[in-house]
Structures are given as structure tokens and as C-alpha cells.
Amino acid sequence: MMIGRVVGEVVCTQKFRTYDRAKILQVELLDLKGKSRHFVMSAIDLVDSGPGDKVLVCLEGQSAVDAIGVEGNPVDAVIIGVIDEIKLIEDVN
Amino acid sequence: MMIGRVVGEVVCTQKFRTYDRAKILQVELLDLKGKSRHFVMSAIDLVDSGPGDKVLVCLEGQSAVDAIGVEGNPVDAVIIGVIDEIKLIEDVN
Amino acid sequence: MMIGRVVGEVVCTQKFRTYDRAKILQVELLDLKGKSRHFVMSAIDLVDSGPGDKVLVCLEGQSAVDAIGVEGNPVDAVIIGVIDEIKLIEDVN
Amino acid sequence: MMIGRVVGEVVCTQKFRTYDRAKILQVELLDLKGKSRHFVMSAIDLVDSGPGDKVLVCLEGQSAVDAIGVEGNPVDAVIIGVIDEIKLIEDVN
Amino acid sequence: MMIGRVVGEVVCTQKFRTYDRAKILQVELLDLKGKSRHFVMSAIDLVDSGPGDKVLVCLEGQSAVDAIGVEGNPVDAVIIGVIDEIKLIEDVN
């Protein structure tokens, strides 16, 4: 999984049928220090996350589809958690 | 999923049997500001998108295959939506 | 899928049992202008492509395996089409 | 699989239901010499690894889900081993 | 699939249960000319390859798991062939 921050929402009227109920968010990936990696992706929100939230993104499709409970739904990324804290071990080399 | 723009179409006469009905588009990936990432990929269109459309591309295979309803069809990317708008949260850091 | 050009063939005597019948080609990935991306990968040919052909490569495994009709065959890339033409929309920004 | 080092733990209160029991660790990827690749990812720990451990990370979802024994669990990376030693062949070119 | 060279072996005592019989090798990826790409990954050996061998690596999980015949085994890369020769078409542009 990757750490990211919710920076926007994608609005599509003309979309694939299984996406009617999906909330598609734009997520900017972050590095260990919380800085932007300058890489943005879209992910389906499974945990009711919102703008500015630091989130855990799972880059995966099939099991995510199972999780949503919609068959034949093409998905490659889902938001699976809102991050409270990342406990870092500073002195690890 | 990734944001991209339809920049062309791929024409193949000699192709794998399950691809007879597939419309294969060339998509240039875009960053958060809508600028080109200088990375192009091919994707099967599921939403009747056209040249110049800003689209949502799903980088995934198996569930996409299920979506198309053709068994044994190797697919790794499908266009699942035409994007109307990306609502950005400008002040998020 | 990615656009590439067939630049060679991989010959293995000592290989996994399900690969006996597979033709493994070396493919150099190309950008939108047809220039090399300086990235080479190996893919199983499903469409009888040959040296120098511009081809469509699917970076995917499970459904490709189904396509080949061999169970338990580890595959991550297949050539699914020989490209006749890529119709580009030049004036798209 | 990739070699990495456990550098932290991700704490989420608001998370997807199947993640209640998962221990999510932050792993920094390492190169052949054991130096950081400056790339961090999150992975579910399957082998009771801890801070500072050099670990083997599998970048894969569905079979990892099966391994955990929880259906409908979106996972894209699991820690599958704590590395004792990497025996390098120094003189290979 | 990718071309690589076996440069080492990974030794884990504390590992996931399905990995008891697996031989995990370190593979350095190579470019078309056989030069190092400076990228190393770990893969499960399916073809009894050894140190220094030039090998074909499949970056894939589920079907590889099926190939090994162990259920619930998280795998993302397997060595599927020892390469005898790569026949290059030098004059292809």
C-alpha cells in the first residue's frame, strides 16, 4: 500500500455502469516525511475519507472488487484507511 | 486509476481473436494540473470516449475482462469514464 | 497495453514445463512518435508476429494464461496484435 | 519480491472492515548493497517482523489475501520473511 | 517477462509457512545488451537455475502460485527459464 493525501475528486457523468455509486478521489502520493512525490492517482474511497485526509491506498484490483461487492467492476486502487499516525523508527539505518 | 487524454487510436488487422470488437485508444497520461506526463499507453474503451476526451483509465486486467464479458481476453487497461471535472483542493499541503 | 517493436527472440532449453510451446519474443517499448523508450521486455507471442513488427503488448498474466489455454502457466506479458497504424490526433493539447 | 527494512508502523482508526486485525508496517526498499532506494511502501506483516528487520516483501494481492484467510480484503503487499542473510555472488558480471 | 542474472540467494529462517520449500534467488535485471539495469529483485526459482545464470523472470503472482502447486502462497516473481541465447535483430530501428 502507499501513503497519500486526498487532494480532489473526479466527476464523471459518462462512465462505466458499475461506477454509478463509486466516489473517486484524487490522491497525491507522499514519501516517508510526508512530502509530495509529485505523483497523483485516482482511487475509489472505501472508508469515507475526505479532502486533506492522509490515507492508505491499496494498488490492487480483484480483491478490491470483491470488497465493494460489485461483479465486473474494473478497479486498480482503493482507499482502505485514514491514517492517524505513522510511527517512525528514526534511528534505523 | 490514472487521468489521461485520448490522443489516438490503434489499428490492428492481425490480432488476438478476442480483440475483434475492441476499440483500442492511445491515452497520454496527465498530471494534477492537466499537463502531459510524457507517457502514453493503450487502453480498451468501455465508455464510448473520443479524441481529445479527458478520461479515467483503470490499469487492471481480470475484472476488466469480466466487465467486457469475454473470457480469455488479455487486457491490462480500460477507459472507464469521461471526466467532466476534477475538483481540486488547492490549499491542501 | 503498450506499443513496442519485436527486436529478438529468447531461446531457453532449461525452462518451466508449461513453456514448451511458447514463442518468447524480445520487445522494445516505443513512445507516441515511435521512438525507443530504451526499455525491453519479453512477451509470449499470441498472434504470429515477427522481427521488426510493431506490436501491441498486454502486461498481464492470469487472463493471458486463460487465453493460451494452459493452466498453471506463469505469464506477465503477451503480444496481442500487430499494429497496422496508429491514428494520432496531432492538435490535441 | 523486494528486499526492504521495517522503518515504522501505520496507525488507522477509520479503516476498511477487513483490516481490523492487520499489522501495517512501513518498509523502505533496499538495493543489493543494503542501501536505501528512497522508496517507502506499506505492507501487511505475515511473519511477526519488527522495527529494523530486513524483510522480504511480496508485491501482490490476491494470493496474499488467500494467505491471510480473509475474503474481500484488498491487499497489494505482504511481508513474507525476515532475512537472515543474502548470499551474494560478488564476481558475477 | 524480464531478462536477469542470478546474483545471490536470500536466506530466511523466520518466514511465511508456504515458503518452506521455496528457493529464493536475487536477480539483477539486464538490458538488451546484457548490461545491468541496476535494479535487483527476488524471485522463486522454478527451473533449478544457479549463480551467474542468465534467466527469464516472470513478474506475476497468481498463476505462478498455481504453477508451484501451493495454495495461499504469496508470490510476485518466478524464474521460468535459463536463457541459452537471445537472438537480436540488430538492424531493426
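Note that the chains are named A, B, C, D and E in the order they appear, and that numbering of residues resets to 1 at the start of each chain.
By definition in this document, a residue touches a chain if its C-beta (ideal position, glycine included) is under 8 Å from a C-beta of that chain, and two chains touch if they have at least 3 such contacts.
Everything numeric in this text was worked out from a predicted model, so none of it was measured.
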- Note on the structure: The chains touching both chain C and chain D are E
- Item | Centre distance in Å when chain A and chain D are each reduced to the mean of their C-alpha atoms | 19
- Query: Can you list the residues of chain A that touch 2 or more other chains?
  - Reply: 61-62
- Message: Given the touch rule defined above, the chains close into a ring; going from chain A first to chain B, what order do they follow?
- Response: A, B, C, E, D
- Note on the structure: So, in the complex, the side of chain B touching chain C is made of residues 5-16, 18-19, 24, 26, 28, 38, 40-43, 51-52, 61-62, 65, 71-77
- Query: Which of the residues in chain B end up touching chain A in this complex?
  - Reply: 1-3, 31-32, 46-49, 56, 58-64, 66-67, 69, 78, 80-89, 92
